[in-house]
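In this document, chain identifiers A, B, C and D correspond to the written order of the chains, with residue numbering beginning at 1 in each.
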Amino acid sequence: MAQYLVRRLLIAIPSLLGISVILFTVLALAPGDPFEELATNPAIPPEVRANLRASLGLDDPVHIRYFAWLTSMLRGEWGFSFVSRIPVDDLILQRLPVTIAVIGASQLVALAIALPVGVYAATRPYSIFDQIANTLAFVGFSLPTFFTGLLFILFFSIYLDWLPFVFRTDIEATGWNWWWQQLRQSIMPIMVLGLFQGAAWTRFVRSAVLDVIRLDHVTTARAKGIPERAVTLRHVVRNAMIPVVTLVALQMPAVFGGAIVTEQIFRVPGIGSLLISAILANDTPVIMAVTFVIAALVVFFNLLADVIYGWLDPRISYR
Amino acid sequence: MAGRLLNIQGLKVHFKTDDGWVHAVDGVDLSLDAGETLSVVGESGSGKTVTAKTILKLIDMPPGRIMDGSILWQGEDLVPARPERMRDIRSKEIGFIFQEPMTSLNPVYTVGEQIAETVRQHQRISRKAAMERAAEMLSLVHIPNASRRVHDYPHQFSGGMRQRVMIAMALSCDPKLIIADEPTTALDVTIQAQILDLLNEMKERLGMAVLLITHAMGVVAETAQRVIVMYAGQVVEEAPVEALFDRPLHPYTQGLIRSIPRLDLAATEHRRLEAIPGTVPSLLSPPQGCRFAARCGYAIEACRAAPPPLREIAPGRKVACIRAEEIA
Amino acid sequence: MAGSIPASAIASPAAAARPRIGPWREAWRRFRKHRLAVASAVVLGTIILAVLIGPLFWSLPIDEIDFTARLEGPSLAHPLGTDDLGQDLLARILYGGRISLAVGFAAMSVAVSVGVLVGAIAGMAGGRLDAALMWLTDLFLSLPQLPLLLLIIYLFRDALTGVVGQELGVFILIVTVIGAFNWMQVARLVRAQFFSLREKEFVEAARALGASRARLVWRHILPNALGPVIVAATIDVAAAIIAESTLSFLGLGFPPDIPTWGRLLFDAKDNLDFAPHWALFPGLAIFLTVVSINFVGDGLRDALDPRRVQ
Amino acid sequence: MTEDDLRQMIGRVKRGSLSRRGFVKRLAAFGLTAPMATQLLALHGINAASAQSVPAYKPTRRGGGGPLKILYWQASTLLNPHFAVGTTNQEASRVFYEPLAGWAADGTLHPVLAAEIPSIENKGLSEDGRTVTWKLKRGVKWHDGQDFTADDVVFNWEYAKNPAVAGVSSGSYTDINVVKVDDHTVRVEFQKPTPFWADAFVASRGMLIPKHLYKDYNGTNARDAPANLRPVGTGPYKFVSFAPGDNLRGELNPNYHMNNRPYFDTIEVKGGGDAVSAARAVLQTGDFDYAWNLQVEDEILKRLEAANRGKVNIVEGGNIEFVMLNVTDPHREVDGERASIKTEHPAFKDPAVREALSLLLDRGSIERFIYGRGGPATSNFLNNPPRFASPNTRWEFNIEKANQVLDAAGWARGRDGIRTKDGVRLRFIFQTSVNAPRQRTQAIYKQAAQRAGIDLELKSVTASVFFSADVANPDTYTKFFADMQMYTTTMTQADPQLFMNQYVSWEISSKANNWQGRNIVRWRNEEYDRIFREAEGELDPVKRAALFIRMNDLIVGSNHVIPLVKRPLVSASLNNLSTVLSAWDNTHWLISDWFRET
């Protein structure tokens, strides 16, 4: 197993390099200027902006800039943001926990919805519960998060005024009150992402369980006198988990994409909103660093998916 | 007839489909004594597998439904039995061997775990003891170095070996009856013989009754003491094995036996393979009278009028044909 | 054992009694059973119809600015109300719908065709080619869409509009761009299906009968992989419609005066609490389209996948 | 009202025979507003009581006001005033650092670290306009207890003009010389007479950083100074914590140099989000006390105000949203350069087309329905300070007249309704940056133009692409590769000299200067160049004001520049918050005087 992991990691390195080359050239060619605000301010003479760009090497040819970036990356310096002068790794370390917390919680909510509902609906196909669950799941992932986010703010923040909609990272309260404030301000983004993801996964869990429930070995299990609940849990769900867990692992990077929309709407200062502001300002070091973090996550989760798949399904052997 | 191990009377099992109710099993009588091997033979769609599975209620209800009849197991009727009671009987008193060994074992657990699970379901013993019991059962069914292979997964066994595992699992709780639903159909010929020998050996050693479901007359001859022939959801003939092959009473049984390709006749005989003309009637709206009438050479008006009762015309011999005596 | 009677010799006559039903009629019969799918098909049909021929009946111009009728709720004159320039929302939604739906379906077909192609090749070829294709998929998955969108549209917009004119040029550009970023899921699904189906007996049987690789893929494996592809395709349409609105958010999509559903929703988001109708109707239009496509997809999957239905 | 009458009245006020109030009222009758009058008096040594240009500060003791929470929808990312790329970074630095003086809303100077405002009368200003002497306030301490002296002021000059530091405020310090007279006096020397002397050490470019913390970072390592992220200033609040791009926190400075100030115990500046949610956070939910720069349709602001938790503040300034008609031809390439000054725009060279386009711009509706209070319609390019606003321009929205003008000039309508003449079609690309009010303005303009037979093809470009200085990018506003474009240009100083040099011929943006010239419309006019040169050296304020008015009339008269709406500073604050705002300086220019009415 370890040997297989090492081989997979070795393969991952060229792919990460490939990603960085392509992305860097794209960013170098893409329009946009980190010093946009300087433009409209007549008081700032043009040559100031010129030498600002020169000082950051914005006008050098692409390959020189790439190697400069790569060598500093390998030395562990991720450079500093063009716009804010803050070292990029501080920026990311400051923003990553919020995103991980919101995404992590939303994935847990999604699984907490999808597993029980999906399994229960599949064990009673075409029952009332199954049809309601199925319809709600469809509604759930047909509603764009963009739209549900707005509706949530309208309903909970403005009409009912229960929840704040400006995300604050510096809550003064301590102990329980701190947790309560955190919950109040992040429950909406978590629910928007969680419900959307939960709806998509409910359908998947249901179809995965449906595929397994008709297999012969389930009837064998029943013939062994095992109670129905145990048959469902030990035999049906255990087998259905193989495709489900793999999908969950594979979808994690895409979830970061989804988080960007929610972070924009609820003003969560996470990796997503950092990426958007960096892209709009063509702030190359930040974009490269954030994309690299996401690319590394993609490779990591793909690996994780394979490992889990192998662990769950003994038929898969590690050649 | 009290005292019999298993006594099924007038069993009717119908399935709801888009086009209406399918009368898969339409009034079946079947009974079995301890230690006896009864074989139920018939083409696919004759209702033999449904009858067998209904004993342990392994069919999905809905769409299936037991319309009528009783299943007496040692005198106790299982039809109204509650799920908890059925669970006690499954594998503890009645074991089941399925047709498809390739898919009947759970791929993600080792064979040992799956057998141990059965054992621990019915006896309060530790996990380790259950695994030892599993290893014992595997060696009982002649699986080489069972103590090591008990930790292997199903995909590491061949088709024949897996059927042996299934048998080991079915016998793990010393059941009084084993129902084997076409246990050899999915296997190739050489392995079939080994499995049937194993079944017979198990019968001698453990003394359990066997209800063998098959469509192969050869298998019947090899293993069964008594035979029931089913056609279109009904029992058409019941007889001891030798009597059935010597003098089949029901026209359908005669057709079955005649269509067996015979190696014992000399090449010179040049007889063409015989087949029974026509097709099995639709079970959606079964015909009024005898269901074999449309294909029966001896059919007369009376046959089509009313359903022929299953009559005992000699000790241990029943037939559902009003002209049985005439054409014997 | 000698003497086993081949069951087929005495084929069960039951099927013969009913009229011979072709596979597509069978599929339609099963589809009809899925009531929600049928209802959604009707809803989808009306939406598409309304969008196509609606403007013929509802002839109000889409950009008629009328300051006296600003932010009016639904009324007889304006059944779906007006926006902050007094423009009639029904006309704008009908006109915008045509583009949003076209973008949705076109982008989905681009994504699905690329995805199926890549998935099939990777699935069939295996080995190094498969690894290379999967590396490419991972690469696209981890690239942030936005900078690439910025670059591609900025690089090609002027060239394309020069050739085919502004609206069509932008349309082609957006469809290819959205399509180019949604094929990865389909590719991965199809590849997984190919790996599992390749081992199945019926494929080996077909190969034994001398079927060429292309025939194998086209006639045997692909139809079976249809289920998940359809589901992925339906999700892609929804993603495409939403992606188009994010593009207009960044000023990359259609010119500002073309009222696609995404742009309407975006323009309305600030007035949600005072003029909810302005955001709700386009939002509802997107939702209804997407949910009906998903249900139809689900119905199709049940109809085309015999194993699924009890 | 001739120049002599004016001088004669100033003399009577000096002799006391005419009251200040009488003088101001008399000038108002001639359209010269109050601030213009006070400015004239101040320059003639009649020091008007400077108090009334800043609201009275009521609290009687320092602190006790609890937290002050401010929301910026563009987050600040840096705390060194000399590197402050955007206004948000200047605002963040202004919480901790202070200049010698700031600009009040009415365009008058207000002393901060300076003891008094230099003027001819108190010998601060030399007669020949070549030197300015600042007297510094005594007893001012840096947050770390060090004394604030003239050395700090001289150091700031050396630091700002040092090319290695590459600070953004270098423009104000490169051509001046600063001499330390004594520990609390500094003299600024100009190379030539400079009517607008209040640039160095004043307002947003004048914030002073401590010498003792920056002296070893006065070079290429300027960016790595630790104080860049942990400021030590002289301001009313001391630094607590800073999460770049998110929030900044400060606490009360116990030994601040002005008594009873600041009122609040802590200050928090939160960043991120968008303008509308910032407005909601103050006006609707009351989570914050103040929200900055609300570029939001007035319709929305009015409805949010209905909850009457907060009010919208409108502060007049010099920023203006306007439309440009390209003098050159953007679609033709002459020796590798589009929109080159060697070409002439085929349609816009005809004054009738330009006049028609000016008539088709419905400024009234755009003000009423789009910008509202945030954008009063105007016919002038230069609107503030009031003394420079020209009274002789008008705007008119009249489609009928536009049609007549075009018909008279021979532009006949083609089959498709679009007018053409000698093969030139009135079909123009109209570009601007992505922003809701601008897109709405494009729609209104397009419809009106259609009614006059002119077809506008709308194009919207992402802000960071539109305002980019990247040479390779064709979509920047300085390249102007389109027929028409619209955006807001800002006026950051209370003096129009730098603002009006956008139309002098030597500033024309071209490939030669990498499109960095500020004359983007590529307009050339000898009279304008001549008057601008003259105004640069004119010491007499009245004559200087008249010159700038003439410049405004020239550029607006050409219709190559069509002013649309003034863009005053729009912000929102809770009803009980008393703020001191000015369009000529940062929002926090007098954060020390903010307090809460109890």
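The rule is simple: a contact is a pair of C-beta atoms (placed from the backbone, for glycine too) under 8 Å apart; a residue touches a chain by one contact, two chains touch by 3 or more.
Treat the numbers as computed from the prediction; the structure is a model and nothing was measured.
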{"item": "Chain separated most widely from subunit A, comparing mean CA positions", "value": "B"}
{"item": "Central chain (by mean CA position)", "value": "A"}
{"item": "Interface with more contacting C-beta pairs, comparing A-C to C-D", "value": "A-C"}
{"item": "Inter-chain centre distance, subunit A versus subunit C - centres from mean C-alpha coordinates, in Å", "value": "23"}
{"item": "Centre distance in Å when subunit C and subunit D are each reduced to the mean of their C-alpha atoms", "value": "49"}
{"item": "Euclidean distance of C-alpha centroids - subunit B vs subunit C, Å", "value": "50"}
{"item": "Mean-CA-position distance for subunit B and subunit A (Å)", "value": "55"}
{"item": "Subunit B, residues touching no fewer than two other chains", "value": "none"}
{"item": "In subunit D, residues with contacts to at least two other chains", "value": "462, 465, 473, 475"}
{"item": "Sites on subunit C at which at least two other chains make contact", "value": "150, 154, 250, 310"}
{"item": "Contact footprint of subunit A on subunit B as seen in their complex", "value": "56, 58, 83, 87-92, 95-96, 98, 100, 103-108, 117-118, 121-122, 153, 155, 166, 169"}
{"item": "Contact footprint of subunit A on subunit D as seen in their complex", "value": "71, 77-78, 83, 85-87, 163, 166, 168, 170-172, 205, 223, 228-229, 241, 243-247, 249, 268, 270, 272-273, 277, 280-281, 284-285, 287-288, 462-465, 467-473, 475, 477-478, 487-493, 498-499, 501-502, 513-514, 516-518"}
{"item": "Contact set on subunit A toward subunit B in their complex", "value": "215-217, 219-228, 234-235, 238-239, 242, 312-315"}
{"item": "In the complex with subunit C, residue positions of subunit D that touch it", "value": "276, 296-297, 299-300, 303, 365, 368-369, 433-434, 436, 439-440, 442-444, 446-447, 457-462, 465, 473-475"}
{"item": "Footprint of subunit D on subunit C - complex, ascending", "value": "63-65, 67, 70-71, 84-85, 150, 154, 158, 166, 250-252, 255-257, 267, 270-271, 274"}
